[in-house]
Amino acid sequence: MPSGLQNLDYAAFVVLFCIGLYMVLARSNLVKKLLGLNIMETAVFAFIVTSGMVDDGTAPILGNGVAGPFASPLPHALILTGIVVAVSITALALALIVEIHRQCGTIEADELKGAE
Amino acid sequence: MALAIAAAAVPMLAGVMALPRPGDPAAPVHARVAAHVVAHGAEETGAENLVTAVLLAYRGYDTFGEVTVMFAALAAVMTVLAPRPRERSPEPADGVAISPVVVFVIRLLAPFIAAFAVLVVLRGNVSPGGGFQGGVMLGALLVLLSVVTGRGNERPLLEPRLASWLQAAGPLTFTLVALLGFATAGAVLALPADPAWARGAMLLALELGIGVGTAAIILGLFLQMRGW
Amino acid sequence: MEHWLPLVAMAPLAAAALAPALGRGRPALAWGLGVIAAAWSLLAAVLLTRRLVLEGPFSYAMGGWPAPYGIELRFDALSAATVFVALIYLLVLVYSRRYAEAAIPAHRRSWYYSLLMVNLGGLVGFVCAGDLFNLFVFMELASVSSYALVAAGGGRVAALAALKYLLAGAVSSVLILFSIGVLHALTGSLNIADVAARLAATGAGAPAALALGGLTAGFMVKAALFPLHLWLPDAHASAPSPVSAILSGLVVNIGIIGWLRILPIFSGLETMALGMVYEALAWLGAVAIIAGALAALFQQDIKLMLAYSTVSNIGYIVLGLGLAHPVAATGATVHVLNHALIKSTLFLAAGALIHQTGYRTLHDLRGAGRVMPWTCLALSIGVLAVVGLPPTAGFLGKWYIALGALEAGRPVFAVALLAGALLIFFYYVRILNAFYFRAPAQERMLSVREAPLSMLLPVLLLAALCVLGGLFGRWPIDLLAPLVRQLPGGG
Amino acid sequence: MEVADFRVVLAPALSLLCAVLVFLLGRHDAWRALFTLAAAVTKLLVILSLLPGSLAGTVYSYEVIDFPPGIGIAFRADALGMFFALVSSTLWVLTTVYAIGYMRDRHQRARFFGFFALCVCTTVGIAFAANLLTLLLFYELLTVCTYPLLVHDETPAALRAGRKYLAYTLSGGALILLGTVLVQHLAGTLSFAFPGVLSRQSGDAMLLLTFVALVAGFGVKAAIMPLHGWLPTAMVAPTPVSALLHAVAVVKAGVFGLLRVVYNIFGVDLLGELGYAPWLAAVASFTILAASIVALAQVNLKRRLAWSTISQLSYIVLGAALLTPLAALAAIVHIANQAFAKITMFFVAGAIERTTGRTELRELAGLGRVMPWTMAAFTIAALSFIGVPLFAGFVTKWYLSLGALQAGAWWFVVLMLASALLNAAYWLPVVYLAWFRPPRGLPAQVREAGLLLLVPTLVSAAYVLLLGTTTRTPGMPFSLAEAAVRFVTGM
């Protein structure tokens, strides 16, 4: 099994993921919850892209004269789709927050809890 | 709360640590699919940019789903927020008045931004970029223009009727290309091998479809917020 | 023939894109497009299932690219659920025509139908996906449209419930994506069969266990298993009734079907991790049954009651799966299908009641039995089915899970299951009592007419299906037998 | 030998058809009365046509649907089933005539008669059930059908009684489901077989759990002492319902279920080995004595009838628990004796209530002079309960004592005497009051009960006499009971 230390960047993504999770769960302002969600998504995207990296590899674009090990194109394609999905969810969440603000006048989850 | 999340983090850390080292060429990530795509991607799909090859050819179905997700986001926002046609606010939103300097600079730069965006969309096959990236740029530009020229208020940049067709451009082009691929190459979303130009043309059509679709959706989202 | 497979999912999505454009001024056109798309999916699903029955599971390489490189769609016993999905969708769409006219403002209606079709496409695509990332994309399609559909009816509670649902769903999606990333890093490919083979070969330990944990947690949030179900009651109760029927009947099953789909990947994993997951699921399922039933006892709003009963029924399914015994697994898989039928009957009937009378609490709905006899008849049949009286569809699931619990040597689960069934009946007796044996509390109830035909026919048809699904339970069971065999512990 | 015969299904199907017709066309009384009567008579004829065959030992069976694969809903009319079906269908004819008279000016008659017919359809279904699952199916349906009858008056008291009734019977139903699952698990099959399906090697703990679950489940409806709470409060229902519930359908279904469990699931010799039977006998004897004592203290006529039913039912349970052929004969015969005697008394109670509006025992003074025929029937039934020779009750006590002696338990004979005395203690004062005391405060114009009420009362009283005297003549219910015993215990 590879020694513990060299997957440091994976560890960083996990920490980022947990920070995002904490924001979603602990913060009461709905927009901050959404920010936490985006942080979690970015952490996962970064993790997947890094898993496709290869030592001193170049971008997987075949031009004339470009050689050397290519980074794996698959994670990059996955992340493009992932980003679009994340954008869509954020757009919908913001729309809902606007709707909640218009209906309840506040976007603090604690106050809203009573209003239900 | 923090304790609970820390407790959740520990197994994640343990699992992630045991993963093969990122970057070492012997890792399984590069062995299977990636190796095949790198080796045969170009001649099988006709696109030098392998990421686009994966996106539009090998995993074209995912991208179809993804374009529909974006359309669904627009539909979702419309279902939640679309105001009634009658009460659309004709008077301009209470934004800050835009200084003529900004207006002049934007109008000056607009064509160049547009050109670059179109370039990114069309060159998606051979160089970094593609439908989504170009589409977003185009959308952003259109939004900027709507704000700057004040066209957003009395008459939207895009008539609603035309807008709804353009917004559906993404999924529709994909369906057409899929059926075309089915007719010519015998499998849904397949790229015909025989006429070399046909494959390039279909990829291009997909890129354009996605680009226009994305731009229209972003403009639609903005206009909708302003009440169109 | 198998070329129909990708078209089953693409057709509704294309129709969804067309709906707003065509239905600009006339939402009826968008509705028509929706019905055509649903009918097309149903027809294709029936043909595909017939082929499945005749020639066994088959798969389809999208774009002609061979399996590990391109995306492979897999149509096996699990994806036979498309028939149920398409059928229920067709009926819900027919039902929602009159309902939407009252509940959804005119200018948003064509978008509402477009979202419904996106949801249908997402569900069908999800069920037939044979590729991990494709599974994720179609799950997102179905989820995004569900979040918005909850808020489609407008109103303060709906918007808040939709946001809570969105946050819970998004967190679970991110977790699932993370696990898919881990599996990709481990094996290099995304095709489920391929990943399973390579994982068995390399036999990785900790990362595979992490991926299993992440996927299970993610899917169980989607399925609203007990501790993670807090978003479900408000979302399903405040959504418009046709949407609640789809949410409770179909979208909730994403978690279960997804989990069943990824299970073979981890069959190679050493039994300790897998055994622990099963044990946890069995216990959570048992607790969910009791908690869901208890929570429903104290509800006044009829749709909240039905939502909590969904939590309880998901508990049954998860308990059945958690027992890792072929008989219990048969019960669980059959209950997935039957529960979809039963829950959509109940929600549509309740929706018709609310649509006609405007009241939602049991106290106000008293005497509905006399005024709307046919709707209440369908609701009563649904009630008997959800309780699991023998001739109805609900009985099959409970019978096999209880039997499986005993055969697996865990009588305590059988007792928990039956206690749950008893609790469920008590709060349904309150419904029947209110409808038939109480004088109307609101005088307006006397002037209420029966639901319109376009809402009544789907409800009655679904009620009939609940009973027929029970009586002719043999076909779904034989259909699901191959799936159950390859589940771990499969006899 | 086994003969496949459609008539076995025709009998329950007939009353189902009648119920549907009544629900649909029940508006005008004439039609409705015609349907119910026609169905009742034809059903009796169908069952009578089966009688000669079953006397000769042939068993008619018919597999309806292979519902949960491998078990299926199937009917099998063996001698025991035939006996119970015969008793319940004859009584249904009488009760229908009586109900038409009794319910003339009551509200919601269509609903009443619809569920009335459904009840008997399920009772005959229970009688002809071929396996424990079909028995459970009709058992649960019986609960669902009797509930609307019980709460027919829709008064708060009726609803409370209904809720209590459901609470008891549904927990019973859940226990039976648990028992059924256990039997399927232990024995692999559910169909009733002689001598019994279970065998010793499946471990005593599981067997005990199965026995307790099944006996407690059926015991609820058989009103064994700790589980009898619902019966006295269910007196609030209209008299024909009490007559049907407490003499024919519900309680007999419970006792019949117990007989099936003792004879066809466990089997006489296995129970002998396991040693559970004495416990059941003890509970039954306790119920006989305690219920009779409580009956003494009752003031209302119908409540005294209820307690007397509880005590009488335990005769049958005691007969089954003694495990000897003669005791079995007594148990089976007592089903008929108790049914006819009890229904006569209920008819009398209803007639008195309709004509004089009195329900308290004190107010019955002097009714003998005013309503001679009704009170004559009452006296015959009372004498039968006390066990005076030439009346039906005596036959049961006689064979029960012989059975007890055969089992070597002499103290049961003492019990028989004690219960006879107790019966005398609470019936004779009423008879004395009715005949030998002057009527107090009776309105002048009170005449004999209407013909529609009187005729069924007299016919059932005649039956009580008939059963008491003609034990030897062939073709009479007694010989069928003997055939049943031969079949059940292989005498």
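Should a chain be cited, it is by its letter among A, B, C and D, assigned in written order, with residues numbered from 1 in that chain.
Everything below uses one rule, namely that contacts are C-beta pairs under 8 Å (C-beta built on N, C-alpha and C of every residue); 3 or more make two chains touch, one makes a residue touch a chain.
Source: prediction; values computed, not measured.
**Q** Could you see whether A-B or A-C has the larger number of C-beta contact pairs?
**A** A-B
**Q** If you average all the Cα positions, which chain's own average lands nearest?
**A** Measuring from the global C-alpha mean, the nearest chain centre belongs to C.
**Q** Measuring from the mean C-alpha position of subunit B to the mean C-alpha position of subunit D, what distance in angstrom results?
**A** 75
**Q** Quick one: report the Å distance separating subunit A from subunit B, using the average Cα coordinate of each chain.
**A** 18
**Q** What is the distance, in whole Å, between the centres of subunit A and subunit C, each centre taken as the mean of its C-alpha atoms?
**A** Distance between chain centres, rounded to whole Å: 28 Å.
**Q** For subunit B and subunit C, what's the span in angstrom between their mean Cα positions?
**A** 31
**Q** Where in subunit A do residues touch two or more other chains at once?
**A** Touching at least two other chains: 17, 21, 47, 51, 74-75, 81, 85, 88-89, 92, 96, 99.
**Q** Going by the contact rule already set, what residues in subunit B reach two or more other chains?
**A** Correct list: 12, 16-20, 22, 27, 29-30, 33-34, 37, 59, 62, 65-66, 69, 72-73, 76-77, 80.
**Q** Touching two or more other chains, which residues of subunit D qualify?
**A** Not one residue in subunit D touches at least two other chains.
**Q** According to the definition of touch, which chains form touching pairs?
**A** A-B, A-C, B-C, C-D
**Q** Given the complex with subunit D, which residues does subunit C contribute to the contact?
**A** 384, 389-391, 395-396, 398-400, 402-403, 406-407, 411, 414-415, 418-419, 421-422, 425-426, 429, 433, 436-439, 470-474, 477-478
**Q** Hey, which residues of subunit A end up touching subunit B in the complex?
**A** Subunit A residues touching subunit B: 1-2, 4, 6-7, 9-11, 13-15, 17-18, 21-22, 25-26, 47, 50-55, 57, 59-63, 69-70, 72-77, 80-81, 84-85, 87-89, 91-92, 95-96, 98-99.
**Q** Note which residues of subunit C are touching subunit A in the complex, please.
**A** Listed in rising order, the residues of subunit C that touch subunit A are 133, 137, 140, 144, 147-148, 151, 155-157, 159-160, 162-163, 166-167, 170-171, 173-174, 177-178, 181, 184-185, 190, 234.
**Q** Could you list, by residue number, the parts of subunit C that touch subunit B in their complex?
**A** For subunit C paired with subunit B, touching residues are 3, 6-7, 10, 13-14, 16-18, 20-21, 24, 61-65, 68-71, 73, 104-105, 107-108, 111-112, 114-115, 118, 121, 125, 133-134, 137-138, 140-141, 144-145, 147-149, 151-152, 159, 162, 182, 184-190, 194, 198, 202, 204-207, 209-211, 213-214.
**Q** Okay, in this complex, where on subunit A does subunit C touch?
**A** Touching subunit C from subunit A are residues 17, 21, 24, 30, 33, 37, 40-41, 44, 47-48, 51, 74-75, 78, 81-82, 85, 88-89, 92-93, 96-97, 99-100, 103-104, 112, 115-116.
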